[in-house]
Amino acid sequence: MKKMIMKRLALLVFVVFGVTFVSFFLSHIIPGDPARMMVGQRASEETLKQVRGQLGLDQPVWIQYVTYVKNVISGDLGTSIRTQKPVLDDLTAFFPATLELAMAAFFIALLIGIPLGVLAAVKKDRFWDHFSRLFSISGVSMPVFWSGLIIILLFYGYLGWFPASGRIDLNINPPTRVTGFYLIDSLLSGDIVAFKSSLKHILLPALVLSYAQLAVITRQVRASMLEVLGQDYIRTAMANGIHGWVLLYRYALRNALIPTVTVVGISFGSLLGGAVVTETIFGWPGMGKYVVDSISYLDFPAIMGFTLLISIGYVLINLVVDLTYYFLDPQLRESEVD
Amino acid sequence: MIDIHQVRKTFKTGAMKIDAVKDTNLSIQQGETVGLVGESGSGKSTLGKMLSGLETPTDGMIAYKGIELWKKKKFKRLRPGEIQTVFQDPQSSLDPRMRVKDIILEPLLALNSKERKEKGKMERLIYLMKRVGLKEDHMNRYPHEFSGGQRQRIAIARALITDPQFMILDEPTSALDISVQAQVLNLLKELKREKNLTYIFISHNMSVIRYMCDRVAVMYKGKIVEIGPVQSIFQNPKHPYTKILLSSLPSLFEETKEKINFSHPPSLSSESACVFYQKCPLRQEICLKEPCYQPASENHTFSCHLQ
Amino acid sequence: MLLEMKDVSVEFTGMRGSVQVLKNISLNISKGEILGIVGESGSGKSVTALSILRLLGNNAKTSNGEILFNGTDLLKIRTKEIQALRGKKIGMVFQEPMTALHPTMKIGRQLAEVIERHRAVSKKAAFRLAVQALKDVHIHDPELVAAKYPFELSGGMRQRIVIALAMAAPPDLLIADEPTTALDVTIQAEILNLIKELNNKNDTSVLIITHDMGVISQLCQRTLVMYGGEIVESGSTNGVLKNPKHPYTKALLNALPDLADPAQPLQAIPGEIMDLRHRPNGCSFAARCSIAGEYCRTHQPALVEILPQHYTACWKGEKEQND
Amino acid sequence: MSAEIQTVKQIEKPITIHPVWYKLKNNKMTWIGFVIIFVIILTSLLAPVLTSYDPTKIYIVEKFQGPSGKHWFGTDEVGRDILSRILYGGRLSLGMGVLAILITAAIGIVLGTISGFFGGYIDQIIMRIMDMILAFPTLILAMALAAALGPSLQNAMLAIAIVKIPVYVRLARSETLVLREKLFVKSAITFGIHPVRIILKHIVPNSLSPVIIQATLDIGDAILMIATLGFLGLGAQPPTPEWGAMISIGWKYLLDFWWYPTFPGIFLFMSSCAFNLIGDGIRDILDPKSNS
């Protein structure tokens, strides 16, 4: 297991370099001049040059890259051109909001996706199977930015049950920051009003965001359940008198979840991606909105900082996936002992 | 015709090294059928694959008609199509998306265009198909329309299209039902006589080996432990493993047959021990040293200290 | 009589209509007996085994007939009742030991799970019994093996464990469907010995399904020969093997290379195995039979007692007898 | 809960014929998918015949008109007929979605088969590059690429083609690894047939069906992603009648003029859904694992 973690961490270093490299040079082929964006159209050549110097844009590209990597290693992601604040500060300010939304959506997807997938597999070709199929196909086909709008139109526009934007009512003070998750922080400080409000705010965006991943998880669980249920050892267990929940849960689902873990890992990554769009629609003050704004502003340091963070997050998710595999599959554990 | 000299094949899985075939010598004369028998993992199939170019020998020399087949880890086909293989599983040995005609003609693609034209004539194809027991109108069908036995006939026709002299038969009837197995065995025997073929016949089934082969080599854990004429091996087995193999063959009509069993692994072992040391019921201290081959009778040798 | 199958037929329903895979199968097994069913692929021998425990898929329909086990009709009882019977009264062993065990559950746990189902014992006691069960199938170091996962064991070991699972209750009847086909000959012999020993020790009846005449001759007292979903011959193993009455049985025995003279061609059965989707009107073997006449092709023979306790379904055989 | 789950995997049957057509006939949802696609393609091709409105012509006087006999789906903020914009937009959305996947699948098959068949260093290099691409969430990478290439419909399409390549490389590679072990490929090797010929004749045709399934499902996804990029301003630029771009402007007027973003969204959803229905159906038909 140590070996595996080491491997993943080595990959992390590799990815950090790769990602900085790719995103750095990508951002430099973007047509457009960030210095010009900063000073505005009417500024003189003189000021433009000065700003370029400040930003280090007058240096050769590879020197800029080396400087950038050096800074990254020391924890400095540069200063955002748009907000004029250190990128790291911006990201730490916005990241918890995104993570809270993604986590909420993730749990909704798991909580509904796994049971629905199992149900569809057990009742193959009957009502629940057809239902889950339609449900998940419409899930992966639903444009998030559109379903979000329809839900706002319905629950906010017509019914007025839920708010349409933000993390918490404007007249309620956000809870003291501990984790950065409003739901958890409000509970920690015992602020029920804030908890209720943030719950109301997170519900719609989390539902919208979770739908597509829910569909993916349902399909995967159904497929691997069907495969496992068709295997010889299930038949052996049945012939030995194992049936009902024990058969479904302890014999089938446990093994069906092994291939599902990868899909779940990927789906968490997609949630972070999907959050970009959902946040735009629901005015959720997270990283997604931040990055969309940064892209349209050609804010290199911000974009690079964001991609770096997301990629590191991705590698960490993969590490978690590997660890889960490790605990679920004894054969893997054994092969590690070389 | 075939000369196998001190051939070794080592597989690496992680840090483990396993000798699938070790220090094997075997020569095959023109026109004979040599059987390779042993349990799964004995290396009999690996040996076959090294003859057909699917596995690279780690060490040693394999020659066909005096010319080395493997040179510097590269397989040299003196003349493509001289050596052909028929595999065990007719389910997976035919491309499901090709018509029977194209399947049978496929080996010709490795030949030069003159030979290809000559051997790929329609009359020859039809003749071959009929010879192996297929009908002319099967030509345009797909493999899934055939039963296991018929597919094996297709595979045999495909192997014959290049007029090979030497054929590697790797468990050719193991996946077939008894009634169909007899048909295929008969066909293989007839073809051998007609075309003066040389066979290496790989099987785990002792009675098939007995029926098909002139000589048989018994393999255990990558090593040939006993080799000799079929009659001699069946009537007078020398190596304890051969004896166990023969005694565990469920026989139809003998009610009582003395059964010899494997022994349980000993606590003591050594790298250089006899390959059968771990399970040998007769093992003694001397067996911790690898035995040499010794003759039992003419052409019949075995590798055991205790005879 | 421990088990009695009377006129059982099974149909599989697929995309394109249904296929009859078993046709009026009748058999019986008495206590302590070992009965063998021998046949080639498509003969319906495995379906027969699965139909007893009602383990056929949803696409299978068991029509008419009855399967009496200790007097109760297994086809009529409720799902709950057959579930309670599985493993407890009737155990089953399948062909593929490599895939027949729960891949991520330790051997001891798997056995204990089944033991808890069938006997009123505590978790601890179940585990102790599991170790004992491993000992009973002659596994060395049962404690060590109990703590292992299936992938750490060889095929022969796994098949022993599958047998231990099936014998956990212990059941009155053990059904073994090609229990040694996937194993090496040397291991096969050991497994067959084990089955025989368990049969002796517990007086468990055994139904063994195989394509291998050798297995039959070594293990079974009585033998059924199946072809095309029907029983074509039945009798004592000795009688069937040494004095076969049905042309199919005769041909099958002659097709074996075991005793054949290498200088002579084998007596192969012409043609291919019957396609169940095109069941002929008459005898299903008629198309491949060397002695079949016109009557055989149009009229279906019934199983008749041709010698005492020796039955065959052949028009020619009956005539022979009458002459 | 019933434990009577289908367990008999292999019926003893000597011959099986692929009952593809029988299954397709019974698969209603797949047919619904085909019909939807057919209708959307047909109407967008026949757009000039079906509507008399120019999709880009501004007619301020008629702005924000609700659905009526004159404008079935209403008009937008500068008075353009939404229906005609949707129909013309269909050409772009479907066309670009299909094109993106065709490009990515073609590249993916080539790289994946080479990687799987030859192994070794080539495999290592290709797969590490794919790992790099996979280190980003797809949508984020597509956004970055689209921004880098410059926001336009074609570039959005290219960006999507690039981010989807690893899926096909992995798929083709794993299929190749399985096929390489099949005896018919081994046989071909023993005949001495050239590797390129083996790949073209045996590997590619036999690994195509999972690729086709994946591609059909991905077209639906590509259509969505193109629209998403359009929505974020990184794809088609106004006044191009692309569905995502239409919603991007329309959603600001959502609460007052509900029809504006709603109808393009419905078409977007329907076309993506149709490809998913077809892909799902084909998977059921071709994938032996999902059969009972």
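Think of it as A, B, C and D in the order they're written, each chain with its own count starting at 1.
Operating definition for what follows: a residue touches a chain if its C-beta (ideal position, glycine included) is under 8 Å from a C-beta of that chain, and two chains touch if they have at least 3 such contacts.
Since the structure is predicted, the reported quantities are computational estimates derived from the model, not experimental observations.
Undergrad: Could you name the chain whose Cα mean is nearest to the mean of all protein Cα atoms here?
TA: D
Undergrad: With respect to inter-chain C-beta contacts, which pair, B-C or A-C, contains the greater number?
TA: B-C
Undergrad: Would you kindly tell me how far, in whole Å, the mean C-alpha position of chain C lies from that of chain B?
TA: 32
Undergrad: Where the CA atoms of chain A average out and where those of chain C average out, how many Å apart are those spots?
TA: Chain centroid spacing, chain A to chain C, equals 54 Å.
Undergrad: From the mean C-alpha coordinate of chain A to that of chain B, what's the distance rounded to whole Å?
TA: That gives a centre separation of 55 Å.
Undergrad: Roughly how many whole angstrom separate the Cα centroids of chain A and chain D?
TA: Chain A and chain D have C-alpha centres separated by 22 Å.
Undergrad: Give me the residues of chain D that touch two or more other chains.
TA: 2-3, 6-7, 14-15, 292
Undergrad: What are the residue numbers in chain B that touch two or more other chains?
TA: 147-148
Undergrad: Two or more other chains in contact with one residue: find those residues in chain C.
TA: Correct list: 41, 55, 83, 272-273.
Undergrad: Would you mind writing out the residues of chain B in touch with chain D in their complex?
TA: Answer in residue numbers: 52-54, 77, 80-81, 83-85, 87-89, 92-98, 106-107, 109-110, 144-148, 155, 158, 162.
Undergrad: Where on chain B does chain C make contact in their complex?
TA: The contact residues of chain B facing chain C are 39-40, 147-150, 177-183, 185-186, 189-190, 204, 206-208, 210-212, 230, 244-245, 247-253, 259, 261-262, 264.
Undergrad: Within their complex, state which residues of chain C touch chain B.
TA: That would be residues 40-41, 140, 184-190, 192-193, 211-215, 217-218, 241-242, 251-253, 255-260, 262, 265-270, 272-273, 288 of chain C.
Undergrad: Report the residues of chain A in contact with chain C in the complex, numbered from low to high.
TA: 231-233, 235-244, 246, 250-251, 254-255, 258, 328-331, 334
Undergrad: Touching chain A in the complex: which residues of chain D?
TA: 1-3, 5-7, 9, 29, 132, 135-140, 143-145, 147-148, 150, 217, 220-221, 224, 227-228, 231-234, 244, 247-248, 251, 254-255, 258, 261-262, 265, 268-269, 272-273, 275-277, 280, 289-290, 292
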